[in-house]
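Below are structures written as structure tokens.
Below are two complexes that have chain A in common, paired first with chain B and then with chain C.
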Partner chain A sequence: MHQHSRTDPYADRYADRAAGMVASEIRALFAVASRPEVVSLAGGMPNIAALPLDVIGGMLDELTRRRGAEALQYASAQGDPELRARICEVMALEGVHGSPDDVIVTVGSQQALDLLTRIFVDPGDVVLAEAPSYVGALGTFAMYQADVVHVPLDSEGLVPAALRETLERLRREGRRVKFLYTVPTFQNPAGVTLTAARRAELLDICAAHGVLVIEDNPYGLLGFDGEPMRALRADDPDHVIYLGSFSKTFAPGFRIGWALAPHAVRAKLVLAAESAILSHASFSQFAVREYLMTQPWHQQIKSFREMYRERRDAMLDALESMMPAGCTWTRPAGGFFVWLTLPEGLDAKAMAPRAIADRVAYVPGTGFYADGQGRRNMRLSYCYPEPDRIREGVRRLASVVEREIELRDTFGTGRAPERSGVDTPGPDTA
Partner chain B sequence: MHQHSRTDPYADRYADRAAGMVASEIRALFAVASRPEVVSLAGGMPNIAALPLDVIGGMLDELTRRRGAEALQYASAQGDPELRARICEVMALEGVHGSPDDVIVTVGSQQALDLLTRIFVDPGDVVLAEAPSYVGALGTFAMYQADVVHVPLDSEGLVPAALRETLERLRREGRRVKFLYTVPTFQNPAGVTLTAARRAELLDICAAHGVLVIEDNPYGLLGFDGEPMRALRADDPDHVIYLGSFSKTFAPGFRIGWALAPHAVRAKLVLAAESAILSHASFSQFAVREYLMTQPWHQQIKSFREMYRERRDAMLDALESMMPAGCTWTRPAGGFFVWLTLPEGLDAKAMAPRAIADRVAYVPGTGFYADGQGRRNMRLSYCYPEPDRIREGVRRLASVVEREIELRDTFGTGRAPERSGVDTPGPDTA
Partner chain C sequence: MADLRTPELGHIVVLAGGLSYEREVSLRSGRRVADALRSLDLDVEIRDADATLLDALQAAPPDAVLPVLHGSMGEDGAIRDVLDLLDVPYVGAGPQACRIAWDKPTAKSVVRAAGLTTPPSVTLPKEVFHDLGAAALLDRVVSRLDLPLFVKPARGGSALGVSVVREAGDLPAAMVGCFAYGDAALIERYVEGTEIAVSVIERDGEPVALPAVEIVPAGELYDYTARYDAGDTEFVTPARISDEAARQAADAAVTAHRALGLRDLSRTDLIVDAVGRVNFLEVNVAPGMTETSLFPRAVTAAGLDLGRTLRDLIARRRFP
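The block that comes next holds the complex of A and B.
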């Protein structure tokens, strides 16, 4: 079980959960991909260039002078009460009416996921996740030795019939399902959004099976058309745990995320957080709270939305005009990502080094599955590069794919053997 | 196993590790203890009143304007390279020569403890800890279902002979010891410091038994006499993992701690951190790095030391002149804490509500043991209250103890039955 025993003198001492923890080979690739000549469609970093740094600097100066004695001290493990009240106002934009007392502030929503998995999952327990699902969540589930069972999605999000069948099968098998993890809105990596009709259906199915839902919603306010979608949590406060984040609507540098959970669960989360980190950075909490209380954040989100829409349009237009026949992709109405499927016989993972040699990077689809699916898929992100760079990146990608198609037609597929297990390419912060 | 099943609708779903997670009754007591009329000798909050808030505010303003595009973005999971280089300079003050590449920046040293326990400890594995030991570490070990075995300390720190006997006994029993956790300098809660001679002996014993040492050193630079002690890590880079923190030498509000670990262990820690939180707050890292690079931090630590020494003196003088015969206590040469032992037949935990009624708070000793020891002990902290308040607190405490002695002499001990298990009173941030 333990790898690297020849080079790691501590290899015989690790816990079982750590035995499989090795950096993916894709990471090494990404180190190369960060060179300036490469167009990276791989990262998930928000573009924060539009933030008024001088205004924020002044705000933090004032905050430190006026409230530094608190902002530089320890916080409580649950998080600043005033920030939690402001968080409830943010969630209200999606129809969620929660109490600040049921909110816990976390180190990004990643920590909320970690704490939830910690309190709910014993090794071998089943966790349901979309196919594909967020790579960071899969990494956390693997860490706690969960058995991830995927439920397919299509252009309207998670497929309810498939969810029902999966739950019935697992029930017959006597398997314990601890929760369903879903990113219903502008999904990472697929870019699709669960329709209103399916939301109701999903909640009914989960309630009937007594399955908790973890709704991870970092992109909910970054829709390109009309009003924000109504969150799942808005219609089922007892069975849905909502995760949110300011990383995409303000800035990731403070690492402020949160969970809104039923009261008893929230109490466990606070105890788990205390054991994990004592408390999150008080300064980060005060900074975000001050931002929400004194800055025009609705307006800032609106300008983020416009910027990302322009980039989404650049990517979809470029894909439409340049990608060879046989490629298909999703059309996101918000968020950061397009999910592309290559023609039969192509392998996005095997192709990745050749793409990087041609100065374009993406994330191969296998990273978004716990079971080795995703060979023909890739995630393309339009959040960070300028529109012109996006077009140039797609142009390079299209020519790489064309060459792969020629190779396939000449020599056959030459596909590498399937493998299973999480193939984590690293966080979305590259 | 699962408590609160009547009131918690999710009680049947938690993981085994979460079943025992319930808030201690002592927490409720502490909520009362935070009233202004109570002198709290219970908390472990550093006193940061001496920090120049206007200077720090200006520094953060400048940092945001100049480097905001990075400071507000995601960081890497290992942490900012420049901050890690500065951290190595700080450790050099204690004779530690580490490479920035072997450092990981964590959310306080608490997160380093969590990640280390995560990668090393399977349920039932033995972790050695001083008796008494840091309450936050015991909470983390309990979370990962470690079996904590205590090793006694005295006024010269951990007793080497007892460590050797314990390791030999565990070896005979075929038990797996994953590491020794120790706070060798100005220990929390006991206030004692491992002597130089014992340091060498401890390292020899651990090396002979192949046991890793986790050296937790938040107070090392806050000594009241002479130069900093040489860290354990300085003399055994291969078997000692060093944990540090800026919470006591600068400010807790950024939550910047770190671990310096052998290279292979550091690599696992980074993967574990990524799964736990993706990355720590970039802004916090830039803030501390900027502070270390532009502010007179040696001078600031010197003035912290002088302030804490004055408070330590106030507490020791007050204890000497006021406490009834039969009480004994430690005499810390640095750090935040005095460890007091009550006369035979008294019970610090049972006495705590009566002390709070008399407007003085402390932490009962049982919280610092995993096995129910500590009934006659309490931790008194002198870090936060002003010297006059410390004297007043000790005066109140002395009169409570006197009354308890009278009660004992009149009615017998009336001691509550022993119980075992971690009786976590909450973090040191109250």
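The block that comes next holds the complex of A and C.
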């Protein structure tokens, strides 16, 4: 009698949308990347060690004693009204003027993205995203079986002419475009920022084609030079849904993000949120509200900016002095990430195990595209390691790339056979 | 084997993790093994192989160590050399046997000398391609071994860096993929057939083969994703092979275990080809113990319990 079994006995019962959810071997390598021996330029974890943890501890203690009965109770799916009012004050720093009524608090901005895709996207609908785009968004779009069409970006952000051409082509093909998803400021993973001129152009093109814009802006207040960039939402309240987050400006552990949406959309989002989570984490909302009301948060953001600027400088200086000829990279004016392009014929995904063996980690570029692009690219983050570690990491990386160029020259290709699966690290990877 | 009472085994350390590419798999193996032993009320601690290990082992020497470190250090003999230096008893092969088994081409020649069939192959380091030129060398490899070919790192596990090559033009990319995981590549003639794994455990010092587990990957290759994630790899126990092939496979696994000087437990990967001949591919001295792994499936297929089986192996090292 032969016994048949599978690695997963439920393999043939999953919904179609779950069938492709598989982690690749590269993802498993990140188990090594988070060891202290490895310089990880892979993760996107904010450096919350810079927060005054004892002060926050006192604040939470006081909150529990004073308002515990409310803070530990069920709450509405739209979120605490007082917090929503504070969120509007935060958005005002980027020129956005919205009503607390049109804000919904979400479990990080990731949940806002999930809810928006849930209410707007049927399987096969087109979603436009930058090339490259935020991996968490691509995961959500894949989950709802959207057809992601990428629009290229360059050092000035998304290319308007390419957006226009793409929309015209899709219109000719009779495809339904549900929205454009964009991270216009200090983009993840590319580190670039959409210029003011292009912002206006993007809004005009989308208005002309009746395309909704989802502006995801978690890094907007973490600019290194001058005043915050004016948000897209500031200039087109009717066609732009704005997503924000306290994960980078305060702490991701509270999981507080939000969406500011036109009234009718907001109403649907609240119903969708009720079906997803019933009620928000009241305690987290009270904590963030308390933080905004009692702590010098502007000052804290300023010190985050200074810390990240020093790390960005360390990375750019190290890349400049150490990387082999033929490598190019972006120069972010804020946020967490540098996007590096390897010389022709190299494959950042194939190279990843060799980098791990040399005790340096990055995220291969393929994870940031829905269509297999990005093999020559990698995302390097400077948010978490100290400047000395960043320099050491880049030194190790440069040596790996040099040997990779040699391998390419030997075999006439630097590319390995394609492997499937999710090959970006989880959010808890430093 | 006597059913020893648990307190007599003392403090057992399961070594898992490490810095190899198989860290994640090893951590999963370690948790599974520790749970199985703890369910027998044994005193078990999971420890990573990191900078704190030596101090910890010296400060409070365990009564026995069960290494489930995969990949280099775990399987190349190094960690066992260290345990020998510390005079800590451990389950599994000693360092010298590990070194031979870990190096796939060496293991192939040892088992071939012991009478087993193993596909023809050539092992070449990266430098040779660099120094002599890859194109001509790869042409020669193809004409000598014939397509299809199987390319894998000469040392390593979990099918990381492996490819099946059916067109000569795909060989350079397969080499690049392979060299991502090591500096030498084993290029082997790919044998089509039924892929099986035969686990071996020692009972009273004698290696015994457990029922063969047949592997039916959903795609062409039983690669890393198929092994640990995909969910659509199918396992059949006992394998759907003839009684004669099953007997030969069991003999082959025991022969490999003996010829390589292994101890306590091992897993041998084999292919039964179209004419029923059993081909040796490689052997594992620290087989995977995750919820999807082959060794625990074989233990179950034999009507045994994983925890008790490992406990008996530990007892043998603890009270030689």
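The working rule: the second predicted complex is superposed on the first by the 410 of 430 C-alpha atoms of A that agree within 3 Å, B and C clash if a C-alpha of one lies under 4 Å from a C-alpha of the other, contacts with A are read in each partner's own complex, and residues count from 1 in each chain.
Basically, a residue touches a chain if its C-beta (ideal position, glycine included) is under 8 Å from a C-beta of that chain, and two chains touch if they have at least 3 such contacts.
The model shown is predicted, which means the values in this text are computed figures rather than measured ones.
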{"item": "Which of chain B and chain C A:407 touches, first, second, both or neither", "value": "second"}
{"item": "First, second, both or neither for A:356, with chain B first and chain C second", "value": "second"}
{"item": "Touched partner set for A:208, first chain B, second chain C, both or neither", "value": "neither"}
{"item": "First (chain B), second (chain C), both or neither touched by A:197", "value": "neither"}
{"item": "First (chain B), second (chain C), both or neither touched by A:23", "value": "both"}
{"item": "Chain B versus chain C as contact partner of A:110, first or second or both or neither", "value": "first"}
{"item": "Which partner, chain B or chain C, touches more chain A residues", "value": "B"}
{"item": "Touching partner for A:10 - first (chain B), second (chain C), both, neither", "value": "both"}
{"item": "Partner chain(s) touched by A:272 [first = chain B, second = chain C, both, neither]", "value": "first"}
{"item": "Which of chain B and chain C A:48 touches, first, second, both or neither", "value": "first"}
{"item": "Residues on chain A lying within both footprints (that of chain B and that of chain C)", "value": "4, 7-8, 10-11, 22-23"}
{"item": "Interfacial residue positions of chain B with respect to chain A in the complex", "value": "4, 7-11, 13-18, 21-23, 45, 48-49, 51, 53-54, 56-58, 60-65, 68-69, 71-77, 107-108, 110-111, 114, 118-122, 125, 136, 139-140, 142-144, 178, 212, 238, 247, 251-255, 262, 264-265, 267-268, 271-272, 274-284, 287, 426-429"}
{"item": "Complex contact set, residues of chain C against chain A", "value": "19-25, 27, 50, 126, 129-130, 133-135, 158, 160-161, 163, 170, 172-177, 179-181, 223-238, 240, 292, 297, 301"}
{"item": "Chain C-facing residues of chain A, complex", "value": "2-8, 10-12, 22-25, 28-29, 31-32, 35, 37-38, 347, 350-354, 356-357, 406-408, 410-417, 419-421"}
